[in-house]
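Multiple structures follow.
Note that chain A is present in both complexes that follow, paired respectively with chain B and with chain C.
Right, the complex of A and B next:
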């Protein structure tokens, strides 16, 4: 009797082992790493960004988009410190990641050489054009800050009435802010019909009265910003108080404010309130205040994983989803092509995302296209403006005309 | 001419708010000779407490503002009691290092809340239309900021000059051992100095938060931004903080208004205050109103 029980137990164990080992053999785990500012400076962007990435990878695994295979993306907070980012990246390499998701301009520039040495594809949250210089492995998710500023300047040139539009740039005192300035200047030299009157590098200003009055004395009608929301909010609140804000685009004798990706979104409205009205903003992402089938999917994802309304409606949440979507798509294509999912093949898959193979995620205003000579993902940028307290789309998504000329 | 006067008004407004933000640093230094590197976090905490009370709990904004000052009064007093009381008599550098660590702890605590990584703004409670006179305008937020600054600074100046506790605090600042020998409780004085610093920081946080919006990075940066103010004015002088705050505010605005964008210059609004600071310290190493101590050996 005892030996019969023993044999039965042994049989059950053998069956269980066979079953679990067959499941294990069917499902591969692809490791990815992400390092970003979930706390610390710029965490107002980094926090929802991380949530977007985390949620999308969970969704991929739960809905078996990759079959039995799963993605394991480790997300770590670097508090916007490049040394911590580097440490995270090195630990991820030891873990055997096949693709890396980075965040800031500083750390992307700082680790550029490491990415080259490791030959690993990197998707950062920084859209600084300089990330692409002397680099083969950094893939910008959307059009660069330079493209964003030039497209806003093009919009000004096309829609300004009466002579040449006088424009000032309001930029962050860093590579992130300064980077696009020279491209705007090149576009002007190439014939873009605006007069670039001044480039202002802001500090931690409590009051921009003197600057705004100075710009008015030089008859500046448009201020294009490349910074984060907080300084823009202070500036446009001052402008509203001084009665300088244009109530419609290009209103004579007033200033129309415009800005690139990180200057806008719901955070700007949260900080500036009614002063944000008529602010023009460009990004390569769809936003939930312009409802549609695509943004419904973003909201559904946020709901599925219990995100609050603020995160769900953040364009940074969309940006976080987007990089996860691109990574997932690269893995899916590698698998479909019968290739091993590794660093080299994912790099190859990303470079092949063009033409008929371009990838269209639901988060972006256009398709993601990469090649060996073009590592800027979404070329189409959508301009939005605040109307009645929310961002609304202005026309169709556009591609910068002058960036093509000056590249 | 209105351009000139607008810049003067803006300079005074900015300077007054700098003075209010710097006040807490002066109070702590005045009593304990310690530079508090956690001051920016207390400024931010004051603003967030006001926001939480008014928006999440529905307390009227004026009472939220008062309650926030009271809460930070006791919060700062508790911080002194828990972290710094045991360091009385220890080298100043040890205490300063503790304030740096304290700043990191407060950072971490705030990052655990939505205030650490989200942006907010106070509900509008003042008229949105600015006050204008002869082409010069000032917003109600700025005006209220200036008024609160001068009320607090006036009250504290009176407190230090006339009240027994205030005079005790000055005595402790001059000589801790001599003060103890005449029966002054040095720990209580330190606690009170921190508490008053917390109270003024909350007021500064609310005013700055109303101007810039509630962003933690922006708010806590003011704890460092105002260091030139107290160095220029004299580390232990309330009057110095006011005068230096206004000087720096005016220099920033005039540099930005008349130098930036002209003669190939830019960013002078940020640099000029430091240039003036260096020049002034060259002639007055203790700041404009700082006490030049002479020790007999």
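Right, the complex of A and C next:
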């Protein structure tokens, strides 16, 4: 009799446990993966980028943006090595991720075939236009480096006084740097009123005197950079030392420096100091030195998770938040449409982000729009310039005219 | 001595041929056969997932490359710090076929065993060419010559449009008797292929070292003038040591291209060359089993330090980027510690372990 009572009690306990555990585990967990350079080359950008993504997903889970459902995004360091990125990606696939967040140009290009085979939507931190060639699953968060360089060249053409502006490109010796060069050349052929005098692929030079003197001898007035901050900082410091930097845009007989997304931001000012003054930079993100309602939210998020000033004010922190926002929005829309949150439906949701359904996160200078034929998110680019030691907005956010012509 | 080899209580050789046997006792052969059965059998019993299979494939590829490096540096005593470039030669041989014929051409997808051998041969040719300075140079000067080959390789790949300026050149999926090897089975398939190659090449080295050609490598390393006096050709020996190393590296490169389904410049940099050298040192220079221990030890250390650096990266101040330094620091420290305290590498620990276990069961 005793044993019968014991078995009944045990059965009740098991049923109760099963019931309560099912209530407790009511929310679904959506797995995402991110691989980026937290250490190694470009980790100065990768580190705040990872923090931005991590913080936003924590915020989503804590504030129940997805109800009881949560996002579990594993963030792993790849030290900027494609082999390691591939390993991380395979690990995430083993774990059953529904969307993947990548980082470098090299690894995005290297894993493109894998993304196609797995039919998984990917948001990289690389805005290389070549990522989109022969690919259906890579979604650039903002306009490509090509768009960025062409829009800077358009700005030069519009604002240069007297004749045709002589321009040099200063690029990283890789696909990341070289990629946009041909698009600038095409824009020139299509009628963009600049003269492309020279394309310089920089090395690891600690002194750019010879290069700057050579550009001056060719009467170059504008140098547009597509690289990372440190070579730009070296170049503009040398230019300041030689007295070659224009004090205002297009000053005759001097050089005005301009650059794409990864050349600028607060890190450039920290590296170059006063030499960064009058540096023109374009990106698709809002920056905290131009205060507003949107950037306040970014700073509040950083404060909520105890980030330091450097990370909180980094445009890479904003970029990290942005990809997390887009991923979250795709999941939210899939849920709202009553669809299962899986790779296929998230891909469908991303492709539907256009027209009235475009998504406007607080981190970007324009709405995120994707479709089956357009996988470049934020088309509007904002130009900034360093004034008084901080980046200030120059006019309104723009979309490149010539990129439309040459596509 | 007992007529039954299982009851033998010592290793008695009555002929020179017996001494040259690969396995000295039947027990050795049995253990080795069992070991091979386990190596080939475990993936059929346990599913590890693609990530772990990729790690294992990567270790096996490194073993092939380090076997080659061990031949030239360990056995022949010629320092090579451009080994990753030779691996790159093999990988870019496959990539060149892909560029000219298309990555899904039948030669790439169906005749991949031939292409792997061709890559090895191309590696051997480049090895022999780079080995030519070894006729005149020694020690540090030879190291610099191999370093310059590494630099030339990197420059060529990064700037030639044919090689896609170092960006990934895709390699198509291969076919087996059962059809196209899909994504699900990709890493497992290559595990069996690379394992087979490792075993074949391992036996190849073991047998080579028993021949006059293998012995001449060691003789030239120990004293090239004495070797010359004994009738060997030190110059030719040095060149063929480089050619052999180039062959192994070329095969490793082709395997890398197929496993990763693409060839990108960053897998064949000077940093990778130093990595191979570290694997050879940690494993044990001049030993065959050291070529196995080294890659296993260094790759596993890499994985552990990666995890540590990742955790440290979250807590250490990002401005100083201290976490980035962890990996090279650990890597350097391990090499220094091995050079100081165990210059004969892990292979020596294996030797000691074996000598202890030889006492049982009464083999002497």
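Throughout what follows, the second predicted complex is superposed on the first by the 385 of 407 C-alpha atoms of A that agree within 3 Å, B and C clash if a C-alpha of one lies under 4 Å from a C-alpha of the other, contacts with A are read in each partner's own complex, and residues count from 1 in each chain.
Everything that follows uses one rule, which is that contacts are C-beta pairs under 8 Å (C-beta built on N, C-alpha and C of every residue); 3 or more make two chains touch, one makes a residue touch a chain.
Just so we're clear, the structure is a prediction, and the values are computed from it rather than from any experiment.
Steric overlap between chain B and chain C is present once the structures are superposed on chain A. Legend: residue contacts after superposition of the two complexes on their common chain; A:109 is shown touching chain C, with no touch to chain B. Once the two complexes are overlaid on the shared chain, A:91 sits against chain C while remaining clear of chain B. Judged by the touch definition given at the top, the superposed model places A:327 against neither chain B nor chain C. Once the two complexes are overlaid on the shared chain, A:38 sits against chain B and chain C alike.
In the superposed model, A:341 makes contact with neither chain B nor chain C. In the superposition on chain A, A:47 makes contact with both chain B and chain C. Legend: residue contacts after superposition of the two complexes on their common chain; A:378 is shown touching neither chain B nor chain C. Contacts of A:310 after superposition on the shared chain: both chain B and chain C are touched.
When both complexes are overlaid on chain A, the residue A:171 reaches neither chain B nor chain C.
None of the stretches 111-119, 165-173, 201-209 or 237-245 of chain B clash with chain C in the superposition except 111-119. When the two complexes are laid over each other on chain A, chain A has residues 38-40, 43-44, 47, 173, 310 in contact with both chain B and chain C. Chain A makes touch with chain B in their complex at residues 38-44, 46-47, 173, 197-201, 203-207, 209-211, 213-215, 217-218, 229-230, 233-234, 237, 241-243, 267, 270-274, 310. In the complex of the two chains, the chain B residues touching chain A come out as 3, 6-7, 10, 13-14, 17-18, 107-108, 111, 114, 116-121, 124, 128, 130, 137, 139, 142, 208, 211-215, 217-218, 221-222, 225, 252-254, 256-258, 260-261, 266-267, 269-270.
On chain C, the positions that touch chain A within their shared complex are 49-51, 54-55, 58, 158, 165-168, 170, 183, 187, 260-262, 264, 266-267, 306, 309-310, 313-314, 318-319, 321, 323-324, 326-327. Every residue of chain A that touches chain C in the complex is listed here, in rising order: 38-40, 43-44, 47-48, 76-77, 79, 81-84, 86-88, 90-91, 93-94, 106, 109-110, 112-114, 117-118, 173-175, 178, 310-311.
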